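Okay, so chain A shows up in both of these, paired with chain B first and chain C after.
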Partner chain A sequence: MSEEKKDDGLISVFIDGQEVRTKPGTNIIEVAASVGKEIPHYCYHPKLSVSGNCRMCLIELGMPGRDRATGEPILNEDGSPKIMFFPGPAIGCGTNAAPNMHVKTDSDMVKECREGVTEFLLANHPLDCPICDQAGECRLQEFSTSHGAGYSRFVEQKNVKPKRTRLGPRVMLDDERCILCSRCIRFCQEVADDDVLGFTDRGSYSTLTCFPGKQLENNYSLNTVDICPVGALTSTDFRFKMRVWFLKHVKSIDFETSVGCNTDVWAREGKIYRITPRRNDEVNDTWMPDSGRELYKLVDGENRLPHCKAGEANVSASDALAKAVELLKGEGVAIVGSGRCSVEEQYALKAIAETTKAVGVYLVGRYGDDDGILVSRDRNANVRGALMTGLINSLPEESLSDLGAKIDSGEVKVVLSVKEDLVAAGLSKDQIAKVKLVSFDTQRYASTDLAGVVIAGLTPFERSGTVINQQFRIQKFHKAVPGPAGAVDDLVALATVQANLSEESFPSTVASVWKQLGESGPFEGLSFKSIPDEGVLLDGSAFGALPFAEGKSLHFEPKQEAVAAE
Partner chain B sequence: MAIVLKRKPLNFLEKLYLPQIVAGLSTTFKRMLAPKETMEYPEERPPIPKGYRGVPTLVKDPEGREKCVSCQLCEFVCPPKAIRIIPGEIQDEEHANVEKAPKEFDIDMLRCIYCGMCEEVCPEEAIWLQNQYSMSGYSREEMVNNKEKLYELGGTLPDQHFKWKKKKEAEEAGNAH
Partner chain C sequence: MAHPKENRILLKHADEDYYSTDIDCYLKYGGYESLKKALTMKPEDIRLEVKASGLRGRGGAGFPCGVKWHDLVDRKSGKPIYLICNADESEPGTFKDRQLIHKDPHQLIEGTIISSFANDVKLAFIYIREEMPLGAKILQKAVDEAHEKGFLGKDILGSGYELEIVIHRGAGAYICGEETGLIESLEGKRAYPRIKPPFFPAAKGVYQCPTVVNNVETLCNVVHIVRMGGEDFGKIGRPNNTGTRIWCVSGMVQNPGYYEIEPITMKELLYDVCGGPLPGRKLKAVVPGGGSMKILDVDETYKDRDGKEFGFDDIIVDYDGIMAAGSMSGSSGMMVMDDSIDILEALGNILAFYAHESCGQCTPCREGSLWTKKITSRMCTGGAREEDLDLLLDLGKNIGGRTVCPMGYSTTWPIESYVGKFREEMEAKVKSNTCGMADFDERLIEK
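On to the complex of A and B.
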């Protein structure tokens, strides 16, 4: 048994007697989790350093015994190696897998340890669950149910600590609920690189605070709310809005930048309440920027377009589409696509560009500063999708001056714009007035008012599809809430336009578009269903020469040539 | 095939009908003299036994503080989904330490099945099924009790927990060093 069976670099660890093959050095909490044994823990976080301060993860640890004098293995009577368990418990999170290590995760001693730790944690804990936003997803609540006594022996007065403290613009702190796990502190030091939190005082007086004169205001501050195992840190935006047990979460992608953070969108009855990061070890680990969490406000935003328009009049989607087709049948069509469209929509746009023999196809570039973590310079989520579907073949520029020139020269007479504000992209109102504009929008932009036909579309939270991030990883996002009654799904609208223009059928659902996409070309063999939640890395080498804007970020290194070209 | 049951022919006394009439009238006269069992509803109302489950209501504590903190557990547990709550934050200084209170609280009495689960689940003892048992209205909207109506129906309960008041006092005394 002690012999290594295979030479695959794995070692054997025994969790409650069950053999597990794992990489040497794997954290014991993870090893146990891989065979479905939960070692309860608060301070351990897979993406942070180990601090070992909550003591909830205590386990019994043993190794096969060896005779001290001879070094021979000590055997049981039946010849199996005798496992010598340490007399005291050890913390699971501070233990790394070593060959033939034995771990007990539910012995009497371990259970007693957990009960003791739980009782101590609850001694001073306030009875706040009814007003605590964490209730329903609180580790302390969960472990108090499984390891708590159900009553309190603590008759003394509980500690009083600061409550309702504003730590920063987006985070509230309740110190009485804090169990001093230091996850938030380690996050700020290790991931956000903005060391502003720390403990003051000692013992049961220990209090989490911000350093004097500082605030927790970095663009990653809300991740501390996610990782806080209790309700000590809560989000100002989500505060008291809805109980978590009413919310259903749908897998989505952060459309803010080309990083493509994986997210969960939490909604109840068609209303989105919050966005949280979803773990993807290849993209965003378990983090996301605060700015991306606000995007759901688009859905009910002030300027949301509730229905389609032809000129000034509100019209039904089918009338608006018929009008759009009529306009696009004319000469001199130019197309302004968006790096925020899904791959499927860009594919449909590409087909429209071919059918209308478009005199120009543009994307509006958006560039900003990166932070080296999860915000990249390219603020379009899906420029690479436009490249891979062949909609464009060079990187988009921020200004549509080329289109402006073509409008001025009279070459362009009709513009189809998808999800872009042409005024913001550098066209003057006079230039727009010279052409017939078909505009697919979700919000009312300056150029929306100038359009001949406006097709009210859906936000990323209301449709499904795929986007390709900076690593050329194609990732799926799903519909979380239904759109407004007067709006039409962008892919359906584009497919209808294309079908009417070409007089051939065109797929109008994500799955059916993928039937075509998967047949050949860069997406060969893929289907919407077969793309896993963590995405698929595509071969982007064909675009290696393009000077992509992105710099280094978490799990992403720009290609050398691209960096040199900067 | 039809089954024919032969009826026993009536005997002489039965044919007379008189014994039956006498028996019937004797019951009538007995009841006339016996104590009354019915009640002049709605002028008279029956006594409500303890533990009766009438219309769910919201209550205040003896100091007039609304007890509900909009934890939404009753909304969650209510089998026919009769309860709708929009939680809110408490603004007034005096009860700031309670932090939460319902902004809106509706119970649809066309849905409520008087099961009492809401009362049972409430961690703040804020919702009680009390003695009110007759609800009527001319429209569906009228049958939805809003927050105001619920407090009007509920009134004040004389419990002496004062959980939040005690917390506030502890906070003011302050045992942090």
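On to the complex of A and C.
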């Protein structure tokens, strides 16, 4: 209790005798974790309310003793304050840090409590780990090993409960595995704002269920699977597909909207099996929408472009790029970029626009409804990247009618389109037929078939880079799986085109692009390596006047002007 | 009819032929006079009277009522204060509140109004258990009558004080007797007890507002405290155990029933008042305060604080007297067992109840109560093993004190005391495998 530290607003808490400075009221589980002491828990979740029902986090709690009559501190023989521990255990999750609080996380009583709770949880648990998807990342499995007795005294009949209850289109419930921690119920109430789950029956026969006539079908339902500490809730998509210990996870970003949820992409041998949220307390907490978890299916989707094309013929990437350069050397080039490209690709595209003296640079806007949580109105992940690299300087519109007019007037003769379906964006097939189209695509769109050259590119799961979300937070995503053999990395392709057009070298890797980006301008001082996993907030004040589409979401407040403009 | 050793205050008229539940009858015998007196007093003064009376809660924990009212209820937050009468009387062996509700409902209504006035409450609830449909009907009628006479509603008796009483019926769960479980249930949620801290009802009760929760008998006593004055009320009984208590004696005595007494000895209660054991039988054990309390062996000797030894017969039947014998007076449901009782079976019976009534919120009670029940059921049906008794004790130890609410002890205490005090008998039965009688009630085994 060093007196000189008093005015920093922090208090001293003692975890197994070790002093920790923390904010008053911090949850003791978090305080202990900050010094590497794990207090095991099931029902506690840092982003949900405390329910205190699993009793796994029982700890011993003590405060410096005070004489009841005089109020004087009681001291040990050596003059240190005598710590009076409560006779019974207390739950860690329900305990908030108070000045000079003492916590024992590994005393005999605490160990005994954990062993007792573990034994109770396993009493009616089916122990079907060999066929359980959760095995390998199951808290019950882990804590049974670390805190359990290692044998069972339970010789009675186990309770029998339903093994396959469909809670919703994406979530399956195994009732026998459920430890009734209520995380999923609290998630639906508190985060997803869709109160559909509850318990029925009583005691050990309690059963998780959907309210009559309802099902768990909101766009956040799969988060219940993530936070389920056991294998009770499983994803119908991932169920029985792969043992989790075979999977490697790579940090990525959800490309659906401008929220930029942080994700982990789980893959084995070049195949993606699932996408889960990655904690970022400034962006998505520990959640992500269900819709973003299915994006990996595009990798092997039926419309995936496996080869580059010149006209009807499949060609190698280098031939396709040579053809593209040839077309782009012509007059009247217009560029249709994408809000789904990375900052690096937009930077290269901007260079191409300058070299070709483009008569128009466009982005295709995509807008949908926002849900106030983690799906924003702007369905492009990186419009702000296009703004900050200078590729565009106004917000994109959904229709390319301006480009259409320029094609009709003959001003535009060549179009370079990156990852966009020009037909869907409002150009007619006749208009497209009037120009020479160079198309960088991963999927086969209506306009892909009309292109003179098609460069087969990579999905976000197959390349690395950065995107800038609605908060002007630049975040990294990484390659999880290799792309198809006939495809070429978009940044490499764009850099090759630019180098050939300008006859000067152009960086073709993310790191080398960042050498240039970091030299000056809005990204000054940054490098790909130096951007932390949780991202860096950039100064977006230069764009403050733009009427951004996003409404309020989890960790985002739109600027006042933007709201007023609506 | 009252036994001569009784001192009937709350039940003064209850069993008399002349008495009915009508408000006119209640008024005829001095009803609502305490309310009239209370309304001339300051709320704070009533709280101080109750504090001075030493009245302890009759629900189970025996917490001083006046302290709860005067010192604990949060009056600084500016939030409305609510009062809840806990009429979810469901502890095994307890049936006193039912008598008070069925036979003298206006006494409870009057007590509730006075207590509400004393605590600045404008909305009070009487949470009555689902299994008392008649009681709910009687109370509703009483509330309606009180309304008609101007004891409830706006401007009660011209005092400017305003109060409504809502009769709320539970849905049939023991756990609703736990005050925070009751509050959750009253709010329309599943009756899961809240974690304390932070949800002490006096600060954060129903609708997150300060709430006074009191037992039926406690509130009824308030009528008489106001009538007599706190100091005079405090002279009834003995210090720290003031007033009378209604004891519900059930089981193997000649005259089971409810008796309103001042503290007397166990011998006086069981032999003089209740008529002693059935012919040819001998008393064996008594559960003094409702099913969850520790059992008392009649052959035991106890030591008080000063080290003085005393026997079962000398236990004084009140809060401190039973506490001195190592158990608790709880909800004053006294269950008497004689030598015809198989103690293991009795344990199995009580554990079956708590397994059935465990709300299922927290792990130790949810899993532990059913597990212990499964063990005793097996033991009672011929499958006893020598290690079972120690297993029961160990499981019991892992439940009590580690749960959200005190109900964990409802499994722990019976196990500890039944096995602890009757271990020899149980071991003998285990060895001979004659636990349980052939007609062990199969209905107790949950399917």
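Everything that follows uses one rule, which is that the second predicted complex is superposed on the first by the 560 of 566 C-alpha atoms of A that agree within 3 Å, B and C clash if a C-alpha of one lies under 4 Å from a C-alpha of the other, contacts with A are read in each partner's own complex, and residues count from 1 in each chain.
Definition applied: a residue touches a chain if its C-beta (ideal position, glycine included) is under 8 Å from a C-beta of that chain, and two chains touch if they have at least 3 such contacts.
None of these values were measured; they are calculated from a predicted model.
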item: Partner chain(s) touched by A:Cys113 [first = chain B, second = chain C, both, neither]; value: second
item: Partner chain(s) touched by A:Ser12 [first = chain B, second = chain C, both, neither]; value: neither
item: Which of chain B and chain C A:Lys163 touches, first, second, both or neither; value: first
item: Partner chain(s) touched by A:Ile131 [first = chain B, second = chain C, both, neither]; value: first
item: First (chain B), second (chain C), both or neither touched by A:Gly203; value: second
item: Partner chain(s) touched by A:Gln443 [first = chain B, second = chain C, both, neither]; value: neither
item: Which of chain B and chain C A:Gln141 touches, first, second, both or neither; value: neither
item: Winner by number of chain A residues touched, once chain B and chain C are compared; value: C
item: Which of chain B and chain C A:Cys54 touches, first, second, both or neither; value: second
item: Which of chain B and chain C A:Gln516 touches, first, second, both or neither; value: neither
item: Set of chain A residues, in rising order, touched by both chain B and chain C; value: 157, 159, 201, 205
item: Complex contacts: residues of chain B adjacent to chain A; value: 69-73, 75-76, 87-89, 96-100, 123-124, 163, 167, 170-171, 173-177
item: Residue ranges of chain A touching chain B (in the complex, touch as defined); value: 126-127, 129-131, 135, 157-161, 163-164, 201, 205, 207, 239-243, 245-246
item: Complex contact set, residues of chain A against chain C; value: 50-56, 58, 88-89, 91, 94, 112-113, 116-117, 119-121, 123-124, 153-154, 156-157, 159, 179-180, 198-199, 201-206
item: Residues on chain C engaged by chain A in the complex (per definition of touch); value: 173, 190, 192, 195, 197, 355-364, 366-371, 374-375, 378, 391, 397-398, 401-404, 446
